[in-house]
Structure formats: C-alpha cells, structure tokens
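Look for subunit A in each of the two complexes below; its partner is subunit B in the first and subunit C in the second.
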Partner chain A sequence: MTTAVSRVGDDGMVASPARRVGKLHREGLAAYLFLSPALLFFCVFLILPFIFAIVLAFSDWGGFDLSTLKWAGFSNFGDVLSFDGTFVKPILVNTLLFAFGSVFLATFGSVLVAYCIDRLSFQGFWRVLYFLPVVATVVAIGNVWKMMYQPAGLINAVLNKLGVNSVGFLSDSSYALPAVTVVHAWASIGGAVLILTAGLKAIPEMYYEAAEVDGANSWHTFWSITLPLLRPAVLFVLITQFIGGLQSFALIIVMTGDGGPVNATNVAAFEMYQRAFKFGAWGTASAMAMVLFVIILAITLLQLWIARRRGEETS
Partner chain B sequence: MRIARCLRLAVVLGLLATSAACGGGSDAGSGGKVELTLLSHYSDGPSKDGLDKMIAEWNKDNPKIQVKAQVVKFDDLLTTMTVRQTGGRGADIVSAYGLWGGQLMKANVVAKVPDDIATKIKAEYSPAALGAVTTGDTLLGYPTELNTYVLFYNKKILAAAGITKPPTTWAELADDAKKTVKRDAKGNIQVEGLSLIQDGDNKSVHPFLSLLDSAGGTFLGTDGTPQFDNDQGKAALKFEGDLAAAKASNTSISPTKQFRSGGVAMAIQAGWWIGSLKTQMKDKYASDVGVTAIPGPTPGSKGSLAYGFFMGVNQRSKHADEAWKFLTWLNEHKASGGDVTETGKWLADQGLIPPRTADQAEYKKSLSDPNLAPIYDAATYAMAEPNQPGAYEAKTALHNAIMTVLADGKNPDDALAQAAKAVKPQ
Partner chain C sequence: MKRRGRFPWFAYLVVILGGVAMVMPFLDMVMSSFKGPGEYGVIPYKLLPSSFNLDNYREAFSQLELLRLFRNSVIVTVSVTISVLVTSSMAGYALAKLRFRGRAVIFRFILATMMLPPFLLLIPTFLIMLNWPLAGGNDILGRGGDGGLTTSLVALILPFAVSGFGIFLMRQFMVSLPDEMLEAAKIDGANQWQTWRLIVLPQTKPVAITLGLITFIGTWNEYIWTLLISSSDPSLQTLPVGIQLLQSFLDPDRTMPIVMAGLVISTLPVLVVFLLFQKYYVRGVVLSGLK
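After this line comes the complex of A and B, so read on.
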C-alpha cells in the first residue's frame, strides 16, 4: 500500500522510499567521486603531513630513517618553550614583531594607496604598478633591497648627503629586523591594494553624494564612510597578511642569510627549517611548528571574534 | 565494522609508505651490471671536471660497476641528502662535510667503514684529515677535502702602514689591525684592519676557533660538552671584541668580496681562498698577497682549525661492496706519471690540501707558491673541527655568541657562558 510519505518524482511517477534512498545514495556517491581528487590532494598534502608533524613533535628523530624515530614525550616542547633557549626570546618575539610590523605597515600603506588610486585617472596603470612587487620573486626583491641597504648603497648615500653617518641596516642588530619588516610590508602592499580597491568599488556612490550634500570634507568622508564600509576587506587583508607574516622566512634568508646579526632577524619558520634540515632535529622543529600553529590559530580567532562583535561579515 | 576497515586500509597504506621510504638507495642495472650513484657538491669548474674524469676512467675499465655522479651546490647538499634519503632515493656514495658526520651517523645514513679499509685509512692519512671525519672512534669514510685556517694579509697595505713583517703574536696582530684600518669622514670603513669572519654558514666560528686553538683551547669534548667557556676561550673572544670595539674589525665587511680590491688588510681564512684570489687578482696576487700562520697570545704560539669532507657509503646501498671497491680505487690509484694519487692531485690543483700524508709530503717538496707552505704546515697542528651529533647546533650557538660581542659589544664572558648553556650534548 502506498503511504503518504511517497511523493511524485520528476517524471510524474510516485517514488517509493527505497528507491528514493537508493537515488540519494547514488547521488552521494557521485558527489564523493567528483570530490575525491580534491579530497585525496587535501589528505596527502595537508592532513597526512599535519598528523606526521604532530607525531614528530613528540618524538626524537634525526631524519633519514623512520626506524630511528623514538618517543620523546613532551621534552621537545620543554626545550622549545624554555626561557633559557632562543625560541621564545628572541625568535618568537622577532616573529611577532615582524608579523605585526609588516601587517601594520602593509595595511596602512595599502589603504592609503588604494584610496588614492580610487581617486586618480588611469587606475589600471597604478594598480599594475603597485602589484609588480607581488609578481617579482622574493629573491629579486630581497637582493635589490639588500644592495640598497649596504653601507655603500643608495639609502646610505642619501643619508650621507643629508649629513648622517652610514647605518648598518642589515649588520646592526638594532636595525636589521625593522629593515627586513619594511621590505616585507612593501612587497605585500600590491596584493592588499587589489583587494581594497575592489572593496572601495563596492561602496555605493550615494553615500559620498549624501556626505557632499551635508558638507563633509575629504577626511570626514574617509573616516566616517570609506573606512567603516571597507572594514570587511581590511579584515581579510589583516588576517591573510598576518598569517603570511608569521610563516614568512624566504625574504630573511635572502637578506640576512642566517637570521642574523645575532638572531636579530631569526623568525620561527626559519628556525624550524634550520632545526630540521640543518641540525636533523625534526622533533624540535615539529614542536616549534605546533607552537606556531597554536599562536596563529589563537590570533586569527581573536581577529574574527573582534570583527564579529562589530557585526562584520567574515565568512 | 566500517571504521575497522578504514583503520586496516590506513595501516596498509602506512606500511607501504614506510617500506617505500626504507627502500634501497640505488638500482641494479640489467645483465648483472651495477649502477652506483655518487652525490656530491662538486658541481662546477675544476672540481667537477676532475671528478668526472676519474669516474669516466673507472667506468671505462669496469663495465660491470658503473658510477653515475649526481651533483648539487654545497648549500643544497645536506637538504638534498635529507630529502632523498628519507624518500628512499639516497645515493650509494655520499660526499659530506665532516661537521655533519655525527648526525648522519646517528640517523643511520653512513655505513661503517670495513675494518681492512679503515686500518689503511688510519695509517695513510694526516691526523687533521682523520680528525675532521671521525666521530668518537668511528671513521666515517675516506677523507677528501682538507682545509686549514691561516692569516692572509695584503703586503702593500701593511707596508704602507710601516709594518715590515707579518704579526707573530696577538699583540702585534691587534697593533697591525689598528694601524691599517681606514675610515672616511662619515665613518664608513675604507680598509678593514682584520677580518674575523668568513663567508658561509656560521661565519664567525672558524676564525674564533683558530684563535682559540692558538691559545691552547678546544671547542667541544669528545662527549659533546662545551670546552670553550674557560680562560682560553674568554681571552680569544676578548681579543676579538677589543678589535671590534676599536673599529679595526667589522662584521659587515665581506673579506671574500673586499680583500681583492684592497678593502681588507688582514683576514683569517681557509686555505681554499688562495685559488679564488689567484683567479680574481691575477698578476696582483703575487705582489699583494701574503700568508702566515695565525699567531697566538705568546711568541711562538700559533693555531688553526682543520675541517674536512669525506666520501662514505650509504647504509641503505644494495651494493656496498661495489661502492667500497670504487672508493678504494678512487682514493688510492696514482696519477699518471706521478708519485701522488690522482685524487690528491685533483684536490691540490684546486688549492686544497691532499689529505693523504704521502701526497702532502710530495707536494710540500715543490710548492710553486710560497703562500701554500703555511697552509700545509697548519695541517700538522690545527684543531680538527668536532663533528659529533649536536656539533652543528653547538657551532651555531657559538656563532650567535661571538656575534653578540662583535656586533653588539656584549661582554665576552657572558656571551660564552650563554653559548655553553645552549650546547646540548647528544
């Protein structure tokens, strides 16, 4: 007997529950089949390495031979988080300064540049111009800036002309981290400008017209209309730049080679690389990766929480 | 049920992955022919040409054991070894820096040298060369490159400062450095008095260890414990710190770039530098460049550091016997019409010290360049660079400590104490 749960199918026939479940099952299978290449990629290149890194963080392993892997408990975390070591200070402190510094400079710079570009002619040209550093390789950017920072380089030549003695931008431990941070921020501005320009374009023109009618000046318009409505784009830029800043180390390798002088530019990602590939201390390197993972997760969640409290759309 | 099946599948996949990673490092060719792979950093110039020539010679005479060279730049060598070995694709024969020996041994990368070959190597190679490629009591392979540290000086700069002979004590070295340093009105260094860094990894350590050796100190004990935080170490680092404070030495100046153009008066550098200077300075090399032993704190004392490379066999090689057979031939066969081995000649032609005692003696008899004499002499007294597991980390900790003194003016005693604390014997 046909019950009320039966319904009419697309072809006008009444589908039985069994047939409907079978169809759903087939559709589910087909969906998983289509998703399988992406899921396989995700598992092989993200999930498995992540699980392996967790295992390594609790192990003593010198690389090369999996049979030499030994359980080490929490000792790697003890070494990494010890205040006698170098990871917490200066490396983690450097990492946070580098990330916060470059995020601040890049976000501030990109908002300024995007706002200016939005008011200029030939906007495409300006966007391309600011996007060029993103296209250039880190090696090229790092080497060009390294030359400019040299004692006989362009920047010191300008300082000398102004009557200031040469500064060892990359050899003086007081200047090295700010010098590298500026370059990282400069190189990141292009990508952020594109996102922010798109955000600016999405702000309805009527708000500006209303503000003009009310007699608002440029600063009031920017502060009260542009910036609040640009906040979702700024938040996206902040999060991506910050994660990029915490994970970045290629620029540092190019510009200071070994994270020097005196660990002044040594950051967590670079230290992990050194520990694993130079010293064969994969356990300690993985423990550092876990600590960095937790820090990135915590800061990202904090950023999202703050944004949601202000009613921003973040998903 | 489904979970159990998934778990079984995961275990099978894991085992497959593990077995792939533990696979042999080389492939056997068809028809009983064995193909050995040799991974090294001899990637260009005379080093590559010389090794390729010897391999071609071997391959011609040994059709059943063919050797194939695989090369990467030195900076990529350890990473390449790590990645390939972990992925089960390690080379049968590895050429490695002695410093890495301990960690390669701990990770089961290098195979034990067969007793008969080890006995011959220990009898026929110089103590400095053996020390640089021996971890504890374990010899890692055939010593190949051997380098010692000496003091390079620019004769013309010293003469212009009224200095008639190279320094023989730390006091003279410091005086000469202060006399030769030149700065412009803006404080930019025109000529550095004494360079205390070298290019490459942990750039401040080798010159410091040479000075430490000249004062009678050592770097690490045989168990990996720090030995440098003592009077000799403090004296050596104070000597360096005083020169940096007097602005006679500056870590931002690269001697390998600026010595050739007269931007550095003296530099503590490895012997291999001679080859580069000859190429870069051409005719000016003979008239401008002098080499002498690194002086110690007292008259007559001197010191140096010796570091080396070795060629060993991969523990996972399926053809270890053939690999040792090839290595024995490579290191023992004589150069045509000469009294030295072809490997010794290959190294000496690049300005390096042949590690075999007989080759060294033969070359010392007729050194074409007087600057080579102090470099060869140093092989008889230099401190061998330690290479037990953890030595590389210890070296990095020491480098950071030295740089806090040279670049930041930190107290040498505090810096050494901090470095000693960071050294973790393994």
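After this line comes the complex of A and C, so read on.
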C-alpha cells in the first residue's frame, strides 16, 4: 500500500523521463554502494568457500599446497559411504538418532511447557527461566552436565536416593548417546517455547470461549483446539531444531572429547572436523560434509515446500 | 482470560518441575565453584559447599589467565557486533528503500545465504584464511607464509562480520518505515548517505538492539571456529575455548571447581546483558521463527 502511494508521489515530482532515468541510475549506484560490504563478504566467505567445498569433495588432497590437488571423481564418496567404514554406521546413524531424539524430547517438552506457561501468571519470568540454557555457552552446559553425570554427580545421587544403582552415563557406550541427546534437548527447549508462545498467543480467544460453552474440559480443548491451530509453529520448531541437531557437535566435543566411548557419541559433523583438522584429509572430510549438507538441504526444501503450501491454503 | 480456566494446578506442577530441571545445572555450577580441595567429586554428593570463599575465583584468574581470555572475548564480540549492525543496516536500507536493477535477485540471494549450514564452509574458510594473500608472510598469491590471517584476532572477526539474517531482519523492519519521511529528507537536500545516517538509522533502534543482542550472545559463546583457529595459537583463545582447553593445566585435585568458577565468570556478562534486554531478544527469536 505505502509503496503504491509513494510511487505516485515520485512520479509527480519527476519533471521529465530523462531526469527520472538519471535519478534511478543514481539511486542504483547508491544502492550498490550500500550493499557493497555485504556482497563483497558473501563473495569471499560464502560463494568462494561453497565452490571450494564442492571441489574438495571431489578431489584427493592432503597438506596445504594447492598444486598437489588431484581430481578424484566420486572416490571420496565411495570411501565415505561404503558399509564397511564407520561413517554410515555408527556415525551417520548416531547423527540421526541424536537429532531425532533431541527434537522429539525438545518439541514434546516445549509444547507442554509453552501450553502450561500460557495458563499461568508471571509468564515472562517463566519464559526467561527456560531460556537460560540458550544464553549460556556450550562449554558451561557441557561441563556442568558432564559433572552431573559422574558417579559422584547430582544425577547419580538422585538415582541412588531412589534405590537405583549408579549409571556410568558417559562411560557406558549404551548410555552415552542418549545422555548427550538429553542435554541437547534440555538446552533447546527455551527457544522453542518462545516460538510456540507466539503461536499460542495468535489463537483467538473466542475458540476457547466456544469450547467452554460446549462444556469441553482442558484436555479436550488442548487436543481439538490448541494443538491443531498450533501445528504450523510446531512444524517450524520440529524442522529447524532437526536441522540444528544434525549439524551440532560442540556439545559432544565438550562432553566426550573424541566422540567416545569408541564412536558411541561420534556424529557426522564432528567426524568431518576430526578428519579434516586432525588428519588433514580434506577430500574425505569434505565428502562427509557434502553428504550431510545434502540431507539438510532436502529437509530445508521440504520445509519451504510445506510453508508455501500452507500459504496457498490460507490465501 | 478463558484460556486459563480454573486453578491450573497441573500447569503449575509441570512448569515448576521443568523449571527446577532448567535451574539445577546452573545452581550446581555455582555451588561447585565454591567447593574446596577434597570436597568435589566425593560420595555422598552434597550440593552445598562447606564455605563460600572466593579461593577458586582467585585461582581461576591466575591459573586460567582469565583477563587475557576476557580481553580477547570482548574485542572479538564488540567488533563482530558493530560490524554486523553497520553492514546489516546499510544493506537492509538498500533492499528496503532504494529502487535498482537486481534488487529482487539480491534479496533472494540473502535469503539463500541463511540456508548454507556453517559446518559446510568450515574447511574451505579455514584454508582461505590460511592462504590469504599478503597476510602473515604470504605472497600476493597467498603462498609461503606461516598461518596467513589465522594468526591474529582478525581470524575470529572477519568470517562473522556480515550476517544474512541481520540484513533480512533490518530489511523487514525498514520496509515499514514511511516513505514520506525519506522524501522529505531528499527535498531538504540530503543525499542517500545522509538519509541513511540521519533519518533511517535513528528509527531502527529497537531492531538494532535485537540484532545486536543476538549477535553479541552468539559471538561471545562461539566455540567451534575459535577452537580451530586458536589450536595453533593459544594467544587467540576466547573465554569458552580457553577455559575448556586449560583444564589439563590445572591442579587436578581442584580442577573442576576452578573451571566452574571460570565458567560462572564467563557466563555472567551474557546473562546480565540478556536479562537487561530480554524483551528485545525474545522478540528477535520470535521474528526469526516467522521468517
């Protein structure tokens, strides 16, 4: 609306077509000057590395001398995806379990918490409380939870009080991945609660009033009004957190150091990091990055497709 | 408010139980930071330390060299935040208010930049920094030196200096600024630079605080890239990386309590900034959810 109005205003001010072209030309020059720092940055730190990442995935190269770089075709992908290697199983499987697990826990938890907070007083206080882990550094979160998981830590103390024997959460390979998954979910609930709260506030009050007139209890109201109307926000949280979970490995470095015990907590992005910066295997590492990127890209496109379809539904 | 219904005891139960789970780790962190030698890591577990003295904090400052880490963290965080704010508001202004050939394409490109996951660019960006021409002893083709740009704090600032999300956020906000105001400035003889600097920038304060806060907290807590860059040059460590890596140099009997003291100190600045401006941060997260 405003642009349409202003365009009429612009035209009214311009005396002749020639002057108008001159003005637009000058505006274009100014625009590109304003954009130049950003565009220059994206050329050097986005387009160039992106092309480089693709080239590396298809090449055989170690060390730092570019002249020794050789074309390797799909052999890196063959190595990475072969079933007798470690990348597909357990590492890629771990990545999916980590992402699925933490998304499931965080989404379930955040829907429950956001819905409950919406019914209380001091909503701002509660939301800030749940948001604290998002503000803290991963080093703090990782070390504190590592400490709490120790035999002499808080969690085992609570288990012992309940009559359960101590569990070596991070040293036992069957508990280690679930243990880090829980921490990742714990840390991401707060962000999801905020987004879901915005979704909850957008549900018109009259639906709740109508439900009350019809005699629905709060359980009913939640299932037949809140959840269906919250679906877009829940879907957004699900997909973005899943994408985040697939590429997250800072927590794993801090909590387990090397993805151990014996690859039990190793994930794809961490394996890529190790292969590249510990062993200098740029080609293999880049092929791993590319495999993970393709998975993430597919999910991102799915999200865009869903968003677009939803837009068509409402319009 | 009908959505609240009768006394929501169930909601209170859920939120308070969850709240305890959210706060307990932080409480454990603070309490452990006061535990003396022989008090940490013993069974039975005790939450409270025997006394609240600041020994571990003193040790953290001397053994962890917290001041050096703090200095690096401040330099990097402030530089990145200022750079992101300036470049985002400039590019956002062009995309929101100026008419030029290629605007739609560039805007779509900016949106696409947000879809590239950081881990994909980690290896090539590192190699680019390493082979940066005419830096760290490199020649004009980026060869020969030892370390290129990776040997200075610039390495921690430059790759984060522009944010696609920031440009998007600024552009969305500036679109809603009334055109009449800009026209008036033009009639008064202001050029584009003056219009941006004197008319547009002051109006963007709320969104600038949101973006500044998100950038500040994200940069302060950045871990992976800093870990990588400082692995060959420890003088570039920031607080999170330094505290994590220096653990092995500490007096083993007291390691974790000193680390916890360091972590309390490194968490405090972001916590204070967040609590002061949380209204803006919350709005930014919600905005990013609606993009």
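Just so it is clear, the second predicted complex is superposed on the first by the 257 of 315 C-alpha atoms of A that agree within 3 Å, B and C clash if a C-alpha of one lies under 4 Å from a C-alpha of the other, contacts with A are read in each partner's own complex, and residues count from 1 in each chain.
Please note the rule applied: a contact is a pair of C-beta atoms (placed from the backbone, for glycine too) under 8 Å apart; a residue touches a chain by one contact, two chains touch by 3 or more.
Here the structure is a predicted model, which means the values were calculated and not measured.
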Looking at the combined model built on subunit A, do subunit B and subunit C fit side by side or clash?
-> clash
State whether A:W305 touches subunit B only (first), subunit C only (second), both chains, or neither.
-> neither
Considering only touches as defined above, state whether A:G280 meets subunit B (first), subunit C (second), both or neither.
-> first
In the three-chain superposition, say which chain, subunit B or subunit C, touches more residues of subunit A.
-> C
Tell me which partner A:A152 touches in the superposition: subunit B (first), subunit C (second), both or neither.
-> both
Looking at the overlay, does A:S173 come into contact with subunit B only (first), subunit C only (second), both, or neither?
-> first
Using the superposition on chain A described above, determine whether A:F108 touches subunit B (first), subunit C (second), both, or neither.
-> neither
First, second, both or neither for A:W223, with subunit B first and subunit C second | neither
Tell me which partner A:W71 touches in the superposition: subunit B (first), subunit C (second), both or neither.
-> neither
Which holds for A:N263: it touches subunit B only (first), subunit C only (second), both, or neither?
-> first
Could you name the one stretch of subunit B listed in 2-10, 20-28, 182-190 or 398-406 that collides with subunit C in the superposition?
-> 20-28
Which residues form the common part of the subunit A surface touched by subunit B and by subunit C?
-> 64, 66, 151-152, 156, 276-277
Tell me, which parts of subunit A touch subunit B in their complex?
-> 62-68, 79, 84-86, 151-152, 156, 160, 165-166, 168, 170-173, 258, 260-263, 274, 276-281
Okay, in this complex, where on subunit A does subunit C touch?
-> 2-3, 5-6, 9-10, 13, 24, 27-28, 30-32, 34-35, 37-39, 41-42, 44-46, 48-50, 52-53, 56, 64, 66, 109, 112-113, 115-120, 124, 126-133, 135-141, 143-145, 147-148, 150-154, 156-157, 186, 189-191, 194-195, 197-198, 205, 208-209, 212, 218, 233, 236-237, 240, 243, 247, 249-250, 253-254, 269, 272-273, 276-277, 282, 285-286, 289-290, 292-293, 296-297, 300
Along subunit C, where are the residues that touch subunit A in the complex?
-> 1-5, 8, 10-12, 14-15, 18-19, 21-26, 28-29, 32, 41-45, 47, 86-88, 90-91, 93-95, 98-101, 103, 106, 109-110, 113, 115-128, 130-131, 158-159, 161-162, 164, 167, 178-180, 183, 191-193, 196, 217, 220-221, 223-224, 227-228, 231, 239-241, 243-244, 256, 259-260, 263, 266-267, 270-271, 274-275, 278, 282, 285-286, 289-290
Within their complex, subunit B touches subunit A through residues 18, 21-22, 78-79, 81-82, 85-86, 90, 103-104, 106-109, 186-189, 201-203, 250-252, 389-390, 392-393, 396, 399-400, 403-404, 407-408, 421-422, 424
